[in-house]
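Below are two complexes that have subunit A in common, paired first with subunit B and then with subunit C.
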Partner chain A sequence: MNALTITDLSIDFPTTKGVVHAVSNLSLAIDKGRRIGFIGESGSGKTTTALAVMQMLASPGFVSGGSIDLGGTDVLALGEEAMRKTRLRRVSYIPQGAMNSLNPIMRVEDQLWDAIVAHEGKTDRTALQDRSDTVLESVGLPARVGRLYPHELSGGMKQRVCIALGVILTPELIIADEPTSALDVVTQRHVMQTLKDVQARIGAGLILIGHDMGLMAQSVDELAVLKDGVLVEHGAVRQIIEDPQHPYTKDLISSVPLVGGESFLDAEVGAPPVNRGKDGVPLLEFEDVRKDYGAVTALQPMSFKLDGEVPKIISIVGQSGSGKSTMGSIMLGFNPPSTGRVLFEGQDVARMGAAASLDFRKNVQAVFQDPYACFNPFYRVDHALKFPFKRFGYATSDAQVQDKMREVCVAVGLDPDLILSRFPHELSGGQRQRLIVARALMLSPKLLIADEPVSMVDASLRATILKNIYDLKDRYGISILYITHDLATAYHVSDYVIVLYQGHIAEAGPPRDVIGDPRHPYTQLLIDSIPWPDLDRSWGSDTTAAEDAEKLDAMARENKTVFRGEIPGFWLHVADREVAA
Partner chain B sequence: MTDAPLTRAERRQQRRMRRFDNPWINPKLIWGIGLLLGIVILGLLGRMLWNLDLVFTGSTPLKLPPVGFENLRRQEGVWDYPLGTDGSGRDLLALIVIGAPNSLFVGLLASLIGMSLGIFLGFSAGFIGGRTDDFIRVISDVMITIPPLLILVVFQAAYGDVSLTMMALLIAAFVWQSPTRLIRAQVLSMKQSGYVQMARLSGASTMHIMFREMLPNLVPYLFGSFIANVTTSIVTAVGLEVLGLGPQRIPTLGRTIYEAINAGALIQNLWWWWGIPTLMLAVMFIGLLLVNLGLDEVSNPRLRKL
Partner chain C sequence: MGRIPRAYLMNRIVTLLLTIWIAATLIWIIPRLSPVDPADIMLGRMAAGAGAVENADQILEQLKENFGLNDPLVVQYVKYITNVITFDFGLSTASFPTPVASLVAKALPWTIGLMLLSITITFFIGNILGALMVWEKSPKLVKVAIPAAMVFTSIPPILSGLLLMWIFAAKLRWFPLTGSYGLTVEPGWSWSFVQSVIHHGFLPALAIVIVTFGFWALGMRGLMITVQGEDYVTLAKAKGLRPRYILYKYMIRNAILPQITAFALKIGLLVAGQVLVERIFAYNGMGKLLYDAILDQDFPVIQGVSYVIILMTALAVFLVDLLYPFIDPRIQHEGG
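Moving on, here comes the complex of A and B:
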């Protein structure tokens, strides 16, 4: 018996530029108790298909053909009220941003009760209490969580509450739309294990929507690869990963960077980078920098010196809340340190005059995480390139500015004629992020701070953008601080890696030692939590969640740093150190 | 002939598509602007074509009805005074030609001043923060709680006759609070946005960030707020005039209504005396409302329908 049968489904969105076929002729069947992954880039129609199953397509989209059969019911023929009853009871949806899906002014258990009452009518209070406690326990949360408000929970806990909400009425089908994309790897592993566990227990079908091949490999039984609304490949996960047929599937699999795997970067090094440093003075120096937010210490005191003579990429790795972004904003001078000093070429960043400050800005630039927010929607995208170029006094004539813009666009692989005169909303996230890299290239700073530059970009573009950033170092002599939560990419691009945990350096050293052969338990945990696109590699079992929590707790108390060696031109110091060979 | 309905439907479809493509082709917006322009044109053409001396007391026969109607004394309307005359011998067409643009002028001027103040204070509060923010917030919150009509009545009763500009200035003192709050909130959220951070990274000055990066993105809000303020200002002005306050020697729509009520136009069935100015006000408000709704649709694509 199939939980869901989709036959020849087509979904259209009429727009000003004609009808967009979001999904065309998609046919698929999902057995009860099976997990199926929908994988593809943004815009490939995976979420649209799932929403059509719930009759929740955003206007003006509509189903233009085909049928959806949910365990014997024709979903498309259901009226509003019948559909309302079907949602959650027979098919439930676990959304992407759990943060925004819970009502902030209601207790968790009230929200769970709401779901029951809306579908089963008035229910006895003790029965409600029993059921909410049971369902919370089934997702690995203590029953007392029910008495809490959403803001009192962590991201991972909220996502589990959403799962609890999705399974409380034991539906036949669960649709999970990138349920872990906002979570870090450690939490991601726990949440996915919870979801798989609960799904197996109630025997529902599961549609997991995502773009991470590694996560899919570890979580689903079958895989459906979508591209531009067309199902290009469908089969058992092992068959697809080990023997992909469609070139797009091959791309998706090869775009996952692996620790220790083959590098996605070109091995050949360009011309020897130019020496742009000042002799004897480090480019950037932290002197016992510490940052507190109220009573919370976001960054424990640390000192380092970065020479500008040979450009390097220093990676700062950690979970959300580890203090890595705080470090980035301190370096940019946006956020003054609570104690200690930040020196740029020997000058204190906090006490610079107007001229020195402009010089600092010229030489320290950034690439931010969110490429969608970085462009002013009012201006064409060339404003973001043109304005700083003129402001820093590099421009001699309009023609020169134009030539330079075209040059850097070509350098990052964008067609200047197509891109430069567009408005930001007309470009994809990947194109925007490359433009920001192009901007950095145009200004050619001595130091670039890249704060999670690819975390909001489609997987297939990540490698390209990282390659663009890597080229900045090799070809143009720009030193880079790469802030990320992704150990695999840090392994490939960086010359030195710093692993942060709760504002404290857990492990530091060359990537081949730190990531290839971690000694600190936290780094080990991070690496174990990465989902690999390799079915024979274990991703931990149900019991690991509790163990991990204990381990993390112990580490937070311990506060030791494991040093794994040094590289020339970078010197790091913290108070409490332990040197491991 | 058989394919005529089809092509018409197609043409309609095309027109809808064009409207979707270019949001400024918005029927509400066009109608609203048309109504307001109509009042301005009435004022301009009237000044050129009509004898404005007819606004003086006693320049015409009393209480004549508009053309095509009879008054209680069985007098017929005459083409010399097409909209009739009032109880003290003034031509209503001349009153409207002068009065309607006056009311619009007071509203626009008051709102313009209020908005400028609001933009300045809102940006200062949002951008500088700290004490400045506290001060501006407290003042604007306190001012919001004071009913403007009360203060204005007291003020005008004490000072007697005021000019139109003076009246606009007085009203402006009560319409800057809501734009201040609106802009402050927007500035606070925009300050954290990626493009403002980018501008800071580009070494942009505070002025550049405020006026070149942030302000353009506020334009839809500012327009909406401006139109809403014009409406409030006109309501306040007319309210004062109908109470007999406001400018005494300059014809305005509100003052005409005040005089009509005072002279017992309601019981004498002199409907044109108060009815025509009221109609003009209604046209003005409907125009402003349509412009506001239209601008809403222009700036918020989600409200647009295909």
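Moving on, here comes the complex of A and C:
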């Protein structure tokens, strides 16, 4: 019997500009115990369909046609109270924002108990305790986690709590909405393994919503490809990945950057890059920089020199908590090092005078992760571009400012006529992220620090935005520090890669060696954790998750750095550490 | 639930003492910047009573000597600070020679009674209404009626006070026109006195409630809208929790946190009170005391009242800071 049967489902959102058909005539069925992936870009209707199954469509959306049958029950005919009782007991939802999905003022187990009580009435306290302890253990969390508050848990732990919640009443259907999108690859693999494991154990159907073809390939049995609310392709995952029919599916598959695969960057060789360095003086230099937060060392002492003469892209990769963003904020001068010095063109960033400091800000620009939070919503786009340009004294005339704005918009692939007079909220995430690159470009910086610039945009746009950033290197002679957890993109764009693990440099060298043929066990673990859109490639089993954790502990004890060769113009040194050959 | 970390506690105590010290110093400096000489004013008042004052210069000199105005500034300041610690603000110049402390002591309980009651009622009503404005399950009537009631928020309290007075005291005669208790009852802990106090306090309290609940309601509405969009509220719904439980435990409980801080700040201000409300109802509280002192340029009283206001604010904020780790478990880690 089917866990869920959707027939001819249509969902409309009436707006002032007319009706938006979020989902049109969608039909599919999910068997009990099967896993199906909904894949598509944001706005393709995948989450909307899932929410309709729970009668939780955001206002003013409504089901305008079709039917939803959940194991013999017509969901759309259920009254409010009946629907409430159906949620979690028969169909559960594992949300996307694991970081924020738990009530901050309640302990974890209280949030498991209130769910049980809402469906089964008041129960004996020891019985509740038993059930919450059991379900937490089933997702690989110790029972003491129940006594903690959400802010005391890591992202991966919170996501596991959400999975525990999703299975606590053994539902027939589990809907997981991008459950791992906020997690790094290693944690992602563990969490997905846990989810598959408990789902198989209770025999529920699973809808996995996502946009990552690799993750889908490793996680589901069937795949449903959605585009603009229409189901464009549906079938067994192997059939779709190996022989996609619809051009959109082909696009989705080909836009996944692969380690060692074909580059998504055009290998066009333009004019030789402009030399913008100061002779003999490194552009950026770390002198035994170390950073402590209280008793924790976020960054172990390291030194490097980055030459500005030939622009380069240096990637810094690692999991969350590896110290990579700390490194970025130290370079930007936002975060003074605990010991050591950061030099920009020979000047100590921490001791700059007003003029030097202004010059530093002009020459070192940043692109951050969240394109939504980077713009002041009160100003139009042109203001965001114009303001720093004028502030740093580049503007000579209005016409010149206009020309420059148009030039940078074109450079990042945006149409200036459409973009400049808009407000930030009228733009998509991808457009905003390109604008941030454009804004940095306005000042013709010598150094760009890009901290996870594409982790919040759709997969199909990532390649384009990275290409925009990559082009800056040759076209404008900008050196780039690319901070990311995504090894595949680091492989393609960078000239040199530094792998960070708990503030240590685990491995460093040219990408073809470090990522293409990793020697350090941590780099190997990172590479192994990447979900490949290839069904014959193993993603590891649940036992390896435990082994991984042990491996990581062993590595923390050993902590050796593997150097894999050098490139001209970049010099890296790790102080007081045993260096493996 | 939380416990208060020592570093956090020390931090707050130091902040409290520092605030009080800075405030006391400002209160001392500001009147010294005024061109008005209180001794002159006293003399003027005497002249107005007696027609002419003989030996005016001598008396002026004597007054300055008595008030310590001839001492060097440093001596004045040190004397002032030591006095402030013991709540000694000297003598009122307008009701000479009543000590400021006893004037304040007489007025303070009335204001605290009236204002604490009205601001607490306002806080609860305002926040509940604000929450209901956002809650999707609220009856339609509520969603229409509350914004309409907000009109009152734009009325100055003096108008609402006069309006209430006219309707309920002058026309309907349900409540007395002015005063804080009946002339026929003896102040003390007797039922008839308490009854009289409540009877007299009702209209001024109502005047304050109807014009200030909108502040809380609008603030709460904004906070609730933010909380409504939080992932944990979506997940609470997906968990199949009962709507009222979600409203209380997931939404209001989180949205109220900033409001509690705002409440502490208001507690301090309540001492200064609704000066005009106290004035029109001839209510013998701190507001009226301050109002009269400003009219009379009675500097010691102004200083005393200001000091009490700041002390109350600082103490209220301090108490909320101590309370916070218990209502928001995240605080422990940020403090210290």
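Just so it is clear, the second predicted complex is superposed on the first by the 574 of 581 C-alpha atoms of A that agree within 3 Å, B and C clash if a C-alpha of one lies under 4 Å from a C-alpha of the other, contacts with A are read in each partner's own complex, and residues count from 1 in each chain.
Everything below uses one rule, namely that a residue touches a chain if its C-beta (ideal position, glycine included) is under 8 Å from a C-beta of that chain, and two chains touch if they have at least 3 such contacts.
Keep in mind it's a predicted model, so treat the numbers as computed, not measured.
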Subunit C versus subunit B on the shared subunit A, clash or fit after superposition: clash
Which superposed partner A:119 touches (first subunit B, second subunit C, both, neither): second
Partner chain in contact with A:165 - subunit B first, subunit C second, else both or neither: second
Contacts of A:14 with subunit B and subunit C, given as first, second, both or neither: first
Subunit B versus subunit C as contact partner of A:384, first or second or both or neither: first
Which superposed partner A:105 touches (first subunit B, second subunit C, both, neither): second
Partner chain in contact with A:376 - subunit B first, subunit C second, else both or neither: first
Subunit B versus subunit C as contact partner of A:296, first or second or both or neither: neither
Touched partner set for A:200, first subunit B, second subunit C, both or neither: neither
First, second, both or neither for A:87, with subunit B first and subunit C second: second
Clash with subunit B (superposed arrangement) - responsible stretch of subunit C out of 114-122, 150-158 or 186-194: 150-158
Residue numbers on subunit A that touch subunit B, as the complex places them: 14, 16, 60, 332, 334, 358, 361-362, 365-366, 368, 370, 372-379, 384, 387-388, 391-392
Subunit A - residues contacting subunit C, complex: 54, 56, 59, 84-89, 92-93, 95-97, 99-106, 114-115, 118-119, 149, 151, 162, 165
Subunit A-touching residues of subunit C, taken from the complex the two chains share: 136, 230-232, 234-243, 245, 249-250, 253-254, 327-330, 333
Of all residues in subunit B, those that touch subunit A in their complex: 17, 20-21, 193-195, 197-204, 213, 216-217, 306
